[in-house]
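Just passing along the structure, written as structure tokens.
In this document, chain identifiers A, B, C, D, E and F correspond to the written order of the chains, with residue numbering beginning at 1 in each.
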Amino acid sequence: MPRPVTLFTGQWADLPFEEVCKLASGWGYDGLEIACWGDHFDVAQAVSSPSYVASRREILDRYGLKVWAISNHLTGQAVCDNPIDERHQGILSPAVWGDGDAEGVRQRAASALKDTARAARLLGVDTVVGFTGSSIWHLVAMFPPVPPSMITRGYEDFAARWNPILDVFDSEGVRFAHEVHPSEIAYDYWSTVAALDAVEHREAFGLNFDPSHFVWQDLDPVGFLWDFKDRIYHVDCKESVKQFNGRNGRLGSHLPWGDPRRGWDFVSTGHGDVPWEPVFRMLNSIGYSGPISVEWEDAGMDRLVGAPDALAFVRKLTSIEPPEASFDAAFSSGS
Amino acid sequence: MPRPVTLFTGQWADLPFEEVCKLASGWGYDGLEIACWGDHFDVAQAVSSPSYVASRREILDRYGLKVWAISNHLTGQAVCDNPIDERHQGILSPAVWGDGDAEGVRQRAASALKDTARAARLLGVDTVVGFTGSSIWHLVAMFPPVPPSMITRGYEDFAARWNPILDVFDSEGVRFAHEVHPSEIAYDYWSTVAALDAVEHREAFGLNFDPSHFVWQDLDPVGFLWDFKDRIYHVDCKESVKQFNGRNGRLGSHLPWGDPRRGWDFVSTGHGDVPWEPVFRMLNSIGYSGPISVEWEDAGMDRLVGAPDALAFVRKLTSIEPPEASFDAAFSSGS
Amino acid sequence: MPRPVTLFTGQWADLPFEEVCKLASGWGYDGLEIACWGDHFDVAQAVSSPSYVASRREILDRYGLKVWAISNHLTGQAVCDNPIDERHQGILSPAVWGDGDAEGVRQRAASALKDTARAARLLGVDTVVGFTGSSIWHLVAMFPPVPPSMITRGYEDFAARWNPILDVFDSEGVRFAHEVHPSEIAYDYWSTVAALDAVEHREAFGLNFDPSHFVWQDLDPVGFLWDFKDRIYHVDCKESVKQFNGRNGRLGSHLPWGDPRRGWDFVSTGHGDVPWEPVFRMLNSIGYSGPISVEWEDAGMDRLVGAPDALAFVRKLTSIEPPEASFDAAFSSGS
Amino acid sequence: MPRPVTLFTGQWADLPFEEVCKLASGWGYDGLEIACWGDHFDVAQAVSSPSYVASRREILDRYGLKVWAISNHLTGQAVCDNPIDERHQGILSPAVWGDGDAEGVRQRAASALKDTARAARLLGVDTVVGFTGSSIWHLVAMFPPVPPSMITRGYEDFAARWNPILDVFDSEGVRFAHEVHPSEIAYDYWSTVAALDAVEHREAFGLNFDPSHFVWQDLDPVGFLWDFKDRIYHVDCKESVKQFNGRNGRLGSHLPWGDPRRGWDFVSTGHGDVPWEPVFRMLNSIGYSGPISVEWEDAGMDRLVGAPDALAFVRKLTSIEPPEASFDAAFSSGS
Amino acid sequence: MPRPVTLFTGQWADLPFEEVCKLASGWGYDGLEIACWGDHFDVAQAVSSPSYVASRREILDRYGLKVWAISNHLTGQAVCDNPIDERHQGILSPAVWGDGDAEGVRQRAASALKDTARAARLLGVDTVVGFTGSSIWHLVAMFPPVPPSMITRGYEDFAARWNPILDVFDSEGVRFAHEVHPSEIAYDYWSTVAALDAVEHREAFGLNFDPSHFVWQDLDPVGFLWDFKDRIYHVDCKESVKQFNGRNGRLGSHLPWGDPRRGWDFVSTGHGDVPWEPVFRMLNSIGYSGPISVEWEDAGMDRLVGAPDALAFVRKLTSIEPPEASFDAAFSSGS
Amino acid sequence: MPRPVTLFTGQWADLPFEEVCKLASGWGYDGLEIACWGDHFDVAQAVSSPSYVASRREILDRYGLKVWAISNHLTGQAVCDNPIDERHQGILSPAVWGDGDAEGVRQRAASALKDTARAARLLGVDTVVGFTGSSIWHLVAMFPPVPPSMITRGYEDFAARWNPILDVFDSEGVRFAHEVHPSEIAYDYWSTVAALDAVEHREAFGLNFDPSHFVWQDLDPVGFLWDFKDRIYHVDCKESVKQFNGRNGRLGSHLPWGDPRRGWDFVSTGHGDVPWEPVFRMLNSIGYSGPISVEWEDAGMDRLVGAPDALAFVRKLTSIEPPEASFDAAFSSGS
């Protein structure tokens, strides 16, 4: 049977959960990767009120949707970030933001992440997708000169803040799938190696494979899957496109999404530069057995047009599966 | 006569000024682009003690070196930066750093920049090369989501802090040449457009052309020169090389200079990916009349080997100059 | 609502107008870009006989087709061309060709172009698409050596011949959309700049964006749209493909269309090297509000197969439109 | 009428012939390129028993399938090969393998190839597709150093063994279409030239165009068609994809098909790097009038999914045909 | 012995012949490719006055210079050109231009070419380098539509005008080396094939290999040498560079040499995009035994700087020659 | 101190050892990588006659040459090869070839390799460079279909034959540096992984880094050094160049070295496509401390011209070394 295809609800959190369910079901999605914000999935309620989780399940069932993962990118971001500022206030729940004191925000975010593992268990889900934040991301330009010790401290801070969270994941039997992404502790190949080293490759900490930021960093997503094949816990089909012309730069020029002068941008899955067919073939090769989730974002297209378009694109790729039993190649192969 | 070639002393500030003069002169450089740190050029002394400037001149004369520009990247960095932290403490003079209170540091840095203009005038130099810093650079990843107003505020902050400085430049008849660079208000093509807009294209604010960061951002340095031809006030021949292989990323993975896993690195001028000959031909075409300064940095080579190597490379390029009078093409052109 | 898609009738002028209407309507085109040759639209009749225009309208209405532009490439070509020879005789009406005396041809062509503006107004159309011709195109190889004054004279000749025509356009409230194309006064980026300069950027003179000749000249059609965004008056989706192999050259080797040894050739829209999706996204970004016209030409495909194929291709692209209102990115954006 | 599309049965020889007919017919194939192994087509029976050929015809007719070519790659391989070993035993009929003595195998294979020509004639087919084998392929690495005389001997051996076979082809009015392929006497452009020279360009010896091995050898399949246009006797649409990343090599690392570490692999037609549309346009240009055969092989996809997918892909390409009569370009071409 | 290197005097014809000899000799050139214009070599005098040729020889001998070829590009251009206009007046001798009537100019040019063969013989030179002109070059854009018969007539015109000239070449034992070049009958690969066909591959008509115009047409100069190996009669090392950026076009935008907005330009030999080392290796492979001539043109460099720079570059390449006797590879080759 | 540069004597074995010493010394090489064939270094004599080794040392000392490695590619080739044929006879000593029986040849070769380790120890050298041969190389095309067991058997055969040899290496304290190369057990990245696995990564078996065959297989030599950094025992600077044009293929078309129709060829070091500077920087990064050996082979150049040319090229690269102590970057880095 081909893999199930889910819709990540993060970019739809302005709509009520049920409306998103109705839309996704209507387009033919098999399930959802549910965002833990908007009214989609409230972690605090989930761990305190048994009926809440049941109510979510009921809505999903009504629309014939399954769930393999929940996502808490926004709260995860605050666990390690430095500085903490108005951008975080814009994405955090009032309870986590509190008085906005940076260290307090970080600790409340860590606590909420532990609850996310518990909530996942209650929902019957094995995987939480999300971000880690990073206390050293803002040093990325390496100027003013960055002492090596600052970098070391950053990875240590990550391990110190996340290990206790991952302990809860372990006790709940849930795995965290970190999305490799700018602003995070692991944003490319070698920083992923360093982050895995920092938590001593504990099994609770794996990766959400989202190749959209690989495109403009010129990272090879196919080789990445091979090299980290034991840590691919979830897959997000987010897409991006390069639009370089000598004037548009890799770093985006502080321009908003959708501005044609950006050097790259998010586009509807299947409209960009991710080598999707090799990615899907490699997912088969490494034995990835989970769902394929469409994370849809495209400032130049209406999402109501794009979401079904992306589903059709991904479905075609999921039809590429190796045969059950390879026929006797030596006998029948003619050339 | 071919252009003069100078050596930027920033990467040599651990050596006494006179020793740098001796070295540069011995290799055959025509002059220096003097860094305003180390003991090379002390702005505070320069504006307070007439004999100080004379003493610098005397050393230069002793070694037959000229000077067309001084550089104050390190102090300029602090004018707009946010956050201000231990990295800045590492590069600022104790007087500018003071108690390290961020806003105080910024204001003292601004004041020092005004003095830099005055010091340049006293030294008989028309151009100050440097950085602006930026209050919005740390937003570069655009996540957590950045409200457009935060970007707008960043450019306004830049204008508000630099316009008073540039007023002093105007009154001293000196121009500021901003180096387009990550961490700064202008770090690529479109952010340069925005920065020039922010100060309403006043003549005091121009550019130091240093293509080393264009390489890994895939910006076209030759087209940049054409499009900003009226704002090219100085040229630094700093060089970099791309070393992508699917694993090494554009953003450097928090790895130190010289680590072979970085996606790009600085290398000795002439050893990298800058298209230098087209750059020099374009400098001729746009009528750039200033010096060519070698900014040498290469973690994999000894600078005592590299500096004369770079000079030889650049000298060869400066021999490419259009003829005084074009001969009658119609008559003699045979094919 | 997505943009309307029209069919340019130039490559169908061997068929009666009504038959073309029937075909286009049957395939689902929204309208036509009507060629002013064959029996499709007779400018002379249009300006002299009110019933003629009404008769054209009636046919269009019968097939539910709209019209946003008429095209008079063939007559326009003769306004500036030098030399005028048998090739022109092959494409001009007998009235314009007359005795074939070059200057007489040019003046009659200019007169016919003025009438084209009048006819457009009578038809209720705001845009005339076409060619300018050029007195200097044949100098393109720059050998024998071309004195700069010959080039200057060429642009002056263009302005002198077209300004009076454009005056009529202005008084009729119609705009001329010049198609950037070899053989014309503007055939690439910088010659477009020069041509716009020559007529002092008067609003009556704009551009028909047809990227087919950009492909083999290696011009960036997307950047072209951005840089000339206030002069994009019409869009023709003509397509071409590069077929270089070291032997096939950029200039076509005097070989006919469809010969596989040509270095490039026209192909059915969607079968070539134009980056159509970025083009359509850029048209959205610059606010182009007109129709998309399919100019179909492919010597290797039957046009009855190709025209509906091209329509399907273009329709899919017109479904890429930015949403009415961008949802609150800061709230719902998860990564 | 568009070209017929056939399915090559070589990769389906583990299934009974009738089942393959049923499948191919059900998907809409027009005919088969029948493999002379499995139970698909038994050359020995065909030449000895008139009813056998009739029985094959009957099955084909029952499913509405035509046949333009039969293929005997496996037996042909043994005609020249050196060494002959267990790999050959795996693919040859017991009668040809016999006692496995190398020279005996070669001679029995040659004899079987003559019978293949006779069988083709009996089936009413003009073309036999296949391999030649090669006594010098194993020298490909050129180390240990290969004396030029060894190469010369190889081509001579090929001519000596195949000329008598081709004599039978001539007398039967059948042509042999050699598939350019590693392991064969002709495996790239210049070895094809040498092989044609070796048999003095006799008409009985032509080529089966299968571009799958051109992809990873970086040969231009389109130019190949032009240069050998009088020897293109059959076309196999087999597809392959490059998957180089600096670690995966051109030569496949002794890894099995489907291993993602191979530098290239076979994939379902339309999923790889063959420039199919230019190939089909060139086939039109050189006047190739035969069938298009899908040779389907993809270790990562189920053949029951792939075979109809490939047919749909190829059918779309066969719709690209030049018009019956080119319309008067001079009259109607507008730009 | 390495090949001799000569300097083509065409771009130095504003200087007296003796001054050019002095310069070339001083730089170390082995000889000259003498232009038949300026005062360098007057064909009319050469055929009428025996002492004239002797006087040229004497100057050459004085400076130790040899001569293997003379060049008459400018007069050759007029043999077939259409139109003939002020550009030709600018490059022709008054005697050939006469009253400027086009057909008269062509015939006088043809006559002068015959004399050039005679003059070459008198000077003891076997090769005349030059241009043919073309009556169809101005049709290169293929719009207005060009009837195939116009192209055919162009090649016939070329044959009709040049065959009588080539008869004189034959009788003098001199060969004409046509330089493949825009504006000429043969300007790329396939037009070279057509031109050679037009004169039925007569031996008197060969090629001057000058790859500078191959660069921007994306023709492969190395493959060209192989395919036309029996017609390479002379070699000019003229160099050019591509400078495309999405705005600069292949056709040069009517911009003068040296303008940085051109898509390509001539540059000093060794500063551009010609793959010189493969070219020189191929010249060895095809057994080209003549001189290497530097045709120097670079609007951005002083020729007095460039000519010796180019000589040093070419000299290094001429040191690449296969060994006299290949050592026993089988014995000594270790890997 | 920069690394020493040696000359590999394999391609000079037709000359007496002393003559090679004289040449190498005269050009300025620091030492030799001595081939164990010709009269350069006779392994059999070395292990039987103490004075032989002393005599070699004496010659080396006379010319001031050092030695860090000896090479026995030719004999090593026969240890595993299958088939064994006249090519091997051409490169083996009569003693090893014996009666030419394949298995006997293999065993005598294995025995000679053990002696090579002993001879290296006697000469005071820690490294033997060479080839392994391979019983499965001839299966490279994977057709006729190769059962996986045949591949497995090949790696097992390699281990079985080489482990006893490597035991002698271990007892002598010498390391074997296998050159990754077609025809060998490890010829690319993944076959190197498999070969190292086969001998369980025992320390006696490492690699001779020779990137010449990486070029045409499109392997990344720089990443290879990083990934196998603990097994780089020796470095050969052999060079090759790609010459693809759509007709020339990766596999060389059975054409001899120096034929311009080959898709790639060996060229003098510095004249090809190996990215030497990144290679040398990576050698510094991984701490390779041995010599750089020039393996010179170029069928298009005289070796007496090429060998000093290559030395000059390599010397320049060895001047790129990281500084003894990195200066305080935080202090002096200006941008």
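Simple rule for what comes next: contacts are C-beta pairs under 8 Å (C-beta built on N, C-alpha and C of every residue); 3 or more make two chains touch, one makes a residue touch a chain.
Computed from a predicted model, the values in this text were never measured in an experiment.
Here the repeat of C-D among A-E, D-F or B-F is B-F, since over half of its contact pairs match by residue number.
Set side by side, A-E and D-F show the greater C-beta contact count at D-F.
Separating the centre of chain E from that of chain F, both taken as means of CA atoms, is a distance of 46 Å.
Centre-to-centre separation of chain A and chain B, using mean CA positions: 39 Å. The geometric centre of chain C is 63 Å away from that of chain F, both derived from CA atoms. Within chain E, contacts with two or more other chains are made by residues 74, 87, 90-91, 143-145, 147, 181, 220, 223, 245-247, 257, 261, 329-330, 333, 335.
Interface residues of chain D facing chain B in the complex, by the touch rule stated above, are 245-246.
Touching chain E in their complex are the following residues of chain B: 220, 222-223, 226, 277-278, 281-282, 284-285, 319-324, 326-335. Every residue of chain D that touches chain F in the complex is listed here, in rising order: 74, 77, 81, 83, 86-88, 90-91, 136-148, 150-151, 154, 181-183, 187-191, 194, 216-220, 223, 227, 244, 246-257, 261, 263. If you check the complex, the residues on chain F that touch chain E are 8, 10-14, 35, 37-38, 71, 73-74, 87, 90-91, 131, 179, 181, 210, 236, 238, 241, 243, 245, 247, 257-261, 271, 295, 297, 299-303, 305.
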